[in-house]
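The structures come next, written out as structure tokens.
Each of the two complexes below includes chain A, the first together with chain B, the second together with chain C.
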Partner chain A sequence: MSKRLECAIPLNRVEGDLELKVAVENGRVVDSWSSGTMFRGFERIMVGRGALDGLVITPRICGICSMTHLTAAVNALDCIAGIVPPANAIRLRNVALMVETIQSDIRQSLLMYLVDFANPIFADHAWYEQAVARYQAMQGSRCIGAIKETKRLLEIVALIGGQWPHTSFMVPGGVVYAPPINDLQKSLQLLKGFKRWYEQTVLGCSLARWQAITSVAELDEWLNEQETHRSSDVGFLLSAGRAIGLDRLGIGHAHFLSYGAFNIPEGSLVVGSTGQLVASGFAVGQEVGSFDQRHIAEQVAYSWYADQTPGGLHPMEGVTTPVASGAEGNKYSWVKAPRYAGQAAETGPLAERVVARDPLFLDLLQCDQGASSLTRQLARLIRATHLFAAAEQWLNEMIAHQAMPYYLPVPPLLNGEGVGLTQAARGALGHWVKIREGRITHYQIITPTAWNGSPRDEQGVRGAWEQALIGTPLADPDDPVLAGMVVRSFDPCLVCSVHVIGGGRRRLMA
Partner chain B sequence: MNLYWIQSGGCGGDTMSFLNVEAPNLLGLFAELNLELLWHPSLSTLSPKQRLTLTDDLLAGTRPLDILVVEGAILRGPASTGMYDTYQGKPKKDLIAKLAHQARYVVALGTCAAYGGLGVDAYVQATGLQFLRQNPGGLLGSEFRSRSGLPVINLAGCPCHPDVLAGTLTALIADIALPLDNFHRPLAWYGMLVHQGCTRNEYHEYRIEEEDFGQKGCLFFHKGCHGPLVGGPCNKLLWNRRSSKTRAGVPCFGCTNPDFPMDYPFFETRHIENIPITLPNGINRAHYLVYKTMAAAAAPDRLKRRETEI
Partner chain C sequence: MQKTLIICVGNRFFSEDDTGPRVYDHLLGLSDRPEDIGVIDGGLAGLALLPLLEGRQRVVFVDRLEGLAPPGEPVILTGDRVAAMAEGYGHNAGIPFLLAMLPKVCSSPWPECLVVGMSGDADEPMIDQLARFSIEVARNGSNGF
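Take a look at the complex of A and B:
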């Protein structure tokens, strides 16, 4: 009767590739194992290098969120230097990071996520033709728009830091140079131009109209209100996503983690809790508690690393000792298993919304009985609505206070320990660094995908998307569209997932 | 023609960079060149099975492969097994080698694919396609030639500038020769120095040096800038249409060089008697010392006062 079938699913359209192994009964996933199958060894590369070298090496861990690694690296060094950078430096860093985050959200949503709705298996749906016209790979009108507009938006990072990706303009004490005022004005124009496109195309309404939505009932009202709402990318995602049941799939552990991001500098008019625009916190269901990085530990019971202390190690003490790949007992991934106070957690834009106690998203969790893939992707697509105003404000504040410093001299960093935390596009990112006599002696990184794509822990508890996959229909193992959409709603970034960095390829057979 | 894009031990940054191409955009470029994208890991929608069939057809030669783009280093570890990076349970390095032998042209996109880049250590054993750092060989061996008779074309940079890939694809499709340097980089883009076009040149010329961040002067003498030392079009093409690292005050880290990342610290210049150990290509140390001493003496006040904009 219930025939159990196990199959391997290599998944593309994530940063790096990923291999899932799933067990299927009666056409639904009943168990899953997520395998990151590439080991790049970044943390080992860092040891012995110069104190500032993390600013050059770690952005190169990830081509889509290199600015986030730069931010985490510089936060750790500021911490070692014991310095708070000048307000303008914080503003400039924040604006650059926001730009990267917004481009990532848009590229992932339009080029890697919505494209699945153009799969022929959905040909019977009324919206199918529209999906093809808009999102078909390399052809859809919205794909072209997304490429054009994100490219333009990234010009801001070039004006600020010289290039994107892989700049290193943040240094302990601030930033390397004060951008000329006309470059700041140009950045503001580019940002506003992007915002106009975002309102017209992604939202189909003004930011103010969108921000007025505080419940699922109001969201439905918005959807019914007018055609521009329905035909926007957000409108399409909601209607088509519900039509294929994404609002009932991908329910995970419902533990949400945010390290917080975008420090608010002294004298700024931008408002936020915990001293940051994006708040830090750890939520179990809708219960939001405070966050303390000391509660993080990484376990390797199911990861291809030498076994260690039960309960795992805090990243300041963590080690990365790979064991030869293959089928060593239970081990199946190069990704370690980070846990917060012993618990698995998901991180990303949805976690940010939950930790911020956003009424719309708390209501969505209630209605969907958990964090569905649709809600997760919606949080990503609308995250920019929470960033535009602050980015504009900070650019204006820099323009008004251009003569104020962007850098405070910092003596050479000789000894110390530092923690650098931030929120990447994909969620919580941390760097833990030790320096002795001007050289790096310890570097451990926990990436968002290490949280989301974690393998099992010592207790056998699944990682976030392993758990989210349970219950997903899987009709055709050769074209697992819905399973892919569940995992992609976490925006996996396998190139940096392996703690030690590694990305994803491959396999594991049933 | 068609193109198959494969990623190995890399960060995906060359793909992200290529999305910024101005031609007028990525999709427009493919249409203009009538170039069929068979597979790209981030952009394609083939199902896993369709991809496998495609790859098998290319390997069997039943479907011709025109251009193979490899992004990321080839990982040979642990202990030369290649199991740090696998496809279908087999080392990716073997798949890449087989595809390279089927392809008319092979392009190593980015410094990792060209020379190994990050991860060249005893452990991960990363290598480039036809070089390991400065040494010919790499995965395919120095004698390797693709079906066109060309060696692997190395488009160095971390990341590679998108216009360089666009220009290379355009030349290959138009059958225009691309003269290469000793490290198999097209001279059109790597036959110039990153320094050329830097807006801080005036400060460099008169040896107005910065010892700390935040100023307008030259970063070569103290802050580890490799602009005068390495080839690349950063300050000619500019990044994202707007600027470059050196213009924005970030030292050039020499990412187009086969030995990037260098094993000495970034952000500082190594000296002998107050003159950088590494001097611009072809310059005699004694002459350089005299030239820079005179240049510093001749420096106008407007530069000493950092009045000249950059």
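Take a look at the complex of A and C:
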């Protein structure tokens, strides 16, 4: 009879506010429970505040993805105002969000994911010394390079939004500032400079060469084509990731969700579907359907909140009533369990690729028999290849039409309901807002990590990474490197999904 | 550009982490605050504070510091000591990671960095004391402390 071991595993670099418990049999994970360990009170903080306060407060939910919270907040207010901002405002908002997304992807990939290949557990592999030289925490050449380059890239947001993180430059009706042509041209040069580094270092080839890859066979051909490809970060991820079996781990529910992002303004030459550069949709396996936010509901059967109507509540009706007396039975997380049409789903760059019916990623799903940790991380590392051209185009369009408006006056927002949806670096982010007599009466936020890191739902169905962990080898619970890589391929952001504090936990300095 | 900077860090929405922001607010209200010392609300910006450090001679961070002295007593740490506390990058990477990476990524000579703070729930006199302490450290460095 096999021995079953239940243990909590340390995943410090995932997030301090995440605890993961797994059951292990025969050295593999057979069950898992993901727990957000701190209560996030932002929904309650917002109630009673002024209609526009979400623009200042919600970006403070997270220092990594503050721009996406600002975007979701302003989208909800645009919705309430019934206004479509001017084309230039949409362009400027899009460029800022793209920059935040790209820097997040690069830092996550090089500083938080590839660093695991420098773990001594892999010392027998031929690529180990290279991994240490490149990705070792705080020492690796690629890590240092990534910080330098992303720091420079973020200057674009400083030019556009005055600061990063926590800018509030988006307002209902547009943006607060029409950047002068000099700033737009400088932003364009910063973007082009970053793109050159990305091509040389991350891809090892031109964007055009990478974008010509449409199948796994062509991906392998690219990998074998020349040394610059193999020695790039993408090449390293593919080679080393396959060597340790990441292409066979992390297979989740195969349900993929994208809210869509980057609205295409009228008159723009940028092309996309569903009116956005990044399409919205919900996919079951490779079958992609349309997305309708009315099918979202949050369940709390296993979350430390007061029990609700069976089937959960749509976020426009959702409540956040914490219950944590210590006698809640099965409840084990401060993260709620969002479901789309009753189904658990993963979200993030891989979901975006699936919803876009990207042939390379559909083929990878086929070959890996699902969404593997490696494919998920690859989607993140190459997401910038789908953003650079549009960002450049929108900057050029603003330079060409600089005299056009960036703001349309909006009357005071007194009453209404609005939904603000976007794609954060980690995936689908939504804000649901009600305003009465100029005050917020309701604010619900569903973060990407709520989707990916949710606990079980009423049916007992695991959340996305709970499911993805099943089958992961776990030889040493004290050094769960592969389990960590499975979870990290979702790029968890628990600081976003849970907030405020439990007793006895204090940061020293952050 | 002011060559000396006080950067107050922390989360003003979170009472257990609002010492830095409260010192920032207090500093802005001090009539005798030296004009040649800049004051910044660093919030939770962490690594995003890097550009503010470039070109400075001295930067003093103000934060809540636990376990180093009795509550209410100002503490000063060198940047090197704080950098040694860094464990790697994460979404909650803070001042230790910032200071550890500074010499590696700074494109100009990096400043002398010091961290001051105190533990416990500070009352207004303590905030005033810490604010004035941060000015002294910004003026004189760690000399005499």
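Please note the rule applied: the second predicted complex is superposed on the first by the 491 of 510 C-alpha atoms of A that agree within 3 Å, B and C clash if a C-alpha of one lies under 4 Å from a C-alpha of the other, contacts with A are read in each partner's own complex, and residues count from 1 in each chain.
Throughout what follows, a contact is a pair of C-beta atoms (placed from the backbone, for glycine too) under 8 Å apart; a residue touches a chain by one contact, two chains touch by 3 or more.
Keep in mind that this is a model prediction, so the values were computed, not measured.
Of the two partner chains placed by the overlay, only chain B lies in contact with A:P179; chain C stays clear of it.
By the touch criterion defined above, A:P322 reaches chain B but does not reach chain C. Within the superposed three-chain model, A:M138 lies in touch with chain B and with chain C [touch as defined at top]. Look at A:M112: by the touch rule set out above, it reaches both chain B and chain C. More residues of chain A lie in contact with B than with the other chain of the pair chain B and chain C. In the superposed pair of complexes, A:E6 makes contact with neither chain B nor chain C. Of the two partner chains placed around the shared chain by superposition, neither chain B nor chain C is touched by A:E458. By the touch criterion defined above, A:I57 lies against chain B and chain C together after alignment on the C-alpha atoms of chain A. Shared interface residues of chain A, touching chain B in one complex and chain C in the other, are 12-16, 45, 57, 60, 62-64, 107, 111-112, 115, 137-138, 143-144, 147-148, 151, 154-155, 158, 164-166, 495-496, 506-509.
Across the complex, chain C meets chain A through its residues 9, 11, 13-14, 16-17, 43-48, 50-51, 61, 63-67, 82, 85-97, 100-101, 104-105, 107, 115, 117. Of all the residues in chain B, the ones that touch chain A in their complex are 7, 9-17, 19-20, 22, 25-27, 30, 37, 41-49, 51, 75, 77-79, 81, 83-89, 92, 118-119, 121, 123-124, 158-159, 212-216, 234, 238-250, 253, 255, 261, 264-268, 309. Of all residues in chain A, only 12-16, 45, 57, 60, 62-64, 107, 111-112, 115, 137-138, 143-144, 147-148, 151, 154-155, 158, 164-166, 493-496, 500-501, 506-510 touch chain C in the complex they form. Remark: chain A residues 9-17, 37-42, 44-45, 49-53, 55-57, 60-64, 66, 107, 111-112, 115-116, 118-119, 136-139, 143-144, 147-148, 150-151, 154-155, 157-169, 171, 173-180, 322, 324-326, 405-407, 409, 478-480, 495-496, 502, 505-509 touch chain B in the complex.
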